[in-house]
Amino acid sequence: MKTIDLNCDLGESFGPYKIGMDESGIKFVTSANIACGWHAGDPVVMDRTVKMAADLGVGVGAHPGYPDLMGFGRRNMDCDLEDIQKYVLYQIGALQAFCRVHGVQLRHVKPHGALYSTAVKNESVARAVAQAIVKFDPDLLFVALAGAKGESMRRMGKELGLKVVYEAFPDRAYTPDGNLQLRSQPGAVVTDPDEVAERALRMAKEGVVIAVDGTTIPIEAQTLCVHGDTPTSLKLVGKIRQILEANNIKLQPMGL
Amino acid sequence: MKTIDLNCDLGESFGPYKIGMDESGIKFVTSANIACGWHAGDPVVMDRTVKMAADLGVGVGAHPGYPDLMGFGRRNMDCDLEDIQKYVLYQIGALQAFCRVHGVQLRHVKPHGALYSTAVKNESVARAVAQAIVKFDPDLLFVALAGAKGESMRRMGKELGLKVVYEAFPDRAYTPDGNLQLRSQPGAVVTDPDEVAERALRMAKEGVVIAVDGTTIPIEAQTLCVHGDTPTSLKLVGKIRQILEANNIKLQPMGL
Amino acid sequence: MKTIDLNCDLGESFGPYKIGMDESGIKFVTSANIACGWHAGDPVVMDRTVKMAADLGVGVGAHPGYPDLMGFGRRNMDCDLEDIQKYVLYQIGALQAFCRVHGVQLRHVKPHGALYSTAVKNESVARAVAQAIVKFDPDLLFVALAGAKGESMRRMGKELGLKVVYEAFPDRAYTPDGNLQLRSQPGAVVTDPDEVAERALRMAKEGVVIAVDGTTIPIEAQTLCVHGDTPTSLKLVGKIRQILEANNIKLQPMGL
Amino acid sequence: MKTIDLNCDLGESFGPYKIGMDESGIKFVTSANIACGWHAGDPVVMDRTVKMAADLGVGVGAHPGYPDLMGFGRRNMDCDLEDIQKYVLYQIGALQAFCRVHGVQLRHVKPHGALYSTAVKNESVARAVAQAIVKFDPDLLFVALAGAKGESMRRMGKELGLKVVYEAFPDRAYTPDGNLQLRSQPGAVVTDPDEVAERALRMAKEGVVIAVDGTTIPIEAQTLCVHGDTPTSLKLVGKIRQILEANNIKLQPMGL
């Protein structure tokens, strides 16, 4: 039986500020990437989110980012590589405290926002993130971009001995060479819910995606990234889940 | 053979800002209270400080504080008790990451600044801190004020099953009823190095201190707090260490 | 013709985090208390909010708070009085930059959250805030609590030569001695929209409020604080506005 | 009579953290670039520094930077251009509050650290900074890099109608084409105090500098950047001042 993981960024509220629909969204996914208080999240939010994940059997992962709450970690910062490693260690450790409290295992690490996209482009940054993970716990899974462009990020993880989990995006268009279509291009985001669900199914079942030119290309992914921050996105995740289950794809946390 | 611990706040630098004399000071103490990035410290500093402590066999403890870098955690903040618990958990977890990396055991937790002084005055706050420690690891030592005023803080720790370590201040004057002389009073801080060293010795050897009225009062302490942030304080710590060793008091990390 | 001002806290979003309903709410009020980037708000939000106020002829005021984004400025911080003065100056100055850009006059200052409530209780804090205002511009209006408990806050402002604007809360219950009912007491917040609107009218027209014991007590107020952060509160503000206009109370920014 | 300005970054302490030697350094310069609380500085430090400058007749300028205290504003952040404009406005406004209090005129703006170096490389960023200045007060001076590489930064300022002040670095090596030698190259920083002083003199008196290949190249500068953060740098500034005065170069704040 085929399996797939659905992962979602969660726990991004901060103090009085609510963002996302954690309580609703978490029910539809099998892995949660939980913000660690730097680009988003705070200890109260982290505690609550880890508890929800624990209660629902959702896999818990750290989602470390740059120290930039105002920019939500979405702006690249030219940080020293050693510093990045320590920043990631700090954030994983902070989240791990709440995993202990709620008796749940920390399973994966996925860098957030600009830290993720910079790791894709710059293998030194990918390596710094991977080194932090290895040093903290070499059994943690490293979530990295599937497709051609993610190759060096994934290689950095593997070179350091990490289990790398490949991530694809059912709501994003792919170019014929297996990369995400740039967001600046028309059609970069697929908006029709049925089409997105269909794409998720093909990714999970056949390991392929239909590229922007209509060709079918291979895409190896063990986890699909979905969003749960709006009523619309929630509905979409529900649809993805439904089609996967209807096709006997088992949904389970990455690495199980 | 009598033993005593000398503890010191360390790792309080932040980014480009240096404070304290970590490299010099840490050599003279047996336990380090390491700031966790909220009132002071950052991941780079934490990593370096934990490594130094590990290399020297100095006991490592977390020194969590309020989220107030501008005020160095010295200003009370009227935080919700549940929030305090999570703030402390977050900070302990973050420090623990660096303990893992450097293969050293996290041994104790001592709240910093206003979080400490508020815990002394307000047993709900003391309880919130202690609960965080228990939830993280019930074997962690809880450093609490020795003397009459520290009674409820220590009781909160014990009620929750924690091992409580009593802390005294050789450079602070004590009132006849066993409390620290208020800093606003003249003579609240003892400045003569020989006198401070002598006081440290009597605390460690006889379990007493000479109060401001000249009476000798009991003070039970397993750790003495010293400062290493100026050349003068460094010299003072050296002197304390010397007199203790000359009197066959064994210096060792708290809890050993 | 009687006049009254309706003031509302605005510009409290931060980075990616939206809070309040600025675009909708600002249309119903005559004065905006704009967050200055410490407890809430950021430069982008401040710029946008000042522009909206300028476009609508809404009076612009600074809403300085404690440096506590995580607590939204609602937790008291035991700050040095001199520091508070400088914190308020900094925040007023920052907002003034956007007033310059949009060609609008900064008209008033109202401390936010815990800075406001502490100023009510502690006249040294009230004085520190008032001193900052006087130093920046003695023509700025100082918004202070109406009723018995606000007396010392208002006096501090007046002693320093400031024009003090008295603020009442139509949706809050008042005790017979003219104070706000504590929030911990039942009935502290009046929830029926018609009743709140009626109370606003009596405050504006007759200078009275019906206290919790049914007695009618005097309450002198030139501005009424309203909320615009939920669809419900928006509807309520609309109702207040309607009843005031229907009774020939002219709505205009404080100090005009 | 020739004139020149000596400018120095000041007011970079934060809360309990001291950096630089403000009290000593400010006596030797004619213009102070004062940090505005984002990459460094806080309201208390800003107030004190503006007061010192006012008392000594030193020209006051804003030194805005990225929101990155941990990185001291030295790491580039890929901020939206509109956001940069508002960030700079906010910081200028905040500093202006303290200028008002101390009755001193805000004279110039010099971006700090990575904001400066990015403005040199990227004319959109230079333009965003310049636009903030123009919007706040078109009479403010815009400090921009002298030499070939600073050309587009200076042009952006001029296109927007700003008076641009050219800045050179007597302790930095220059390439034959009029650019700063990269810091990664050997000899990028001139360390001999007499040589630095001599270079400052030639910059101020003859408008030239001897490049790394020994050729004499023109460098037009109205202000020289010096450092006052260590005892050594203080001595150096003293020497520069001495040689300039001995050669009848009048030291005065930029723009006078």
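We call the chains A, B, C and D, going by the order they appear; numbering starts again at 1 in every chain.
Quick note on the criterion: a contact is a pair of C-beta atoms (placed from the backbone, for glycine too) under 8 Å apart; a residue touches a chain by one contact, two chains touch by 3 or more.
Computed from a prediction, not measured in an experiment: that's the story for all the values here.
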item: Touching chain A and also chain B, the following chains; value: C, D
item: Euclidean distance of C-alpha centroids - chain A vs chain C, Å; value: 42
item: Chain C and chain D: spacing of chain centres that average the CA atoms, whole Å; value: 40
item: Residues of chain A touching at least two other chains; value: 70-71
item: Arrangement of touching chains [line / ring / star / complete / other]; value: complete
item: In the complex, chain C residues that touch chain B; value: 67-68, 70-71, 75-79, 114
item: Sites on chain C touched by chain A in the complex; value: 14-19, 40, 42, 69-72, 74
item: List of chain A residues in touch with chain B within their complex; value: 37, 43-44, 46-47, 82-83, 86-87, 89-98, 100-101, 135-137
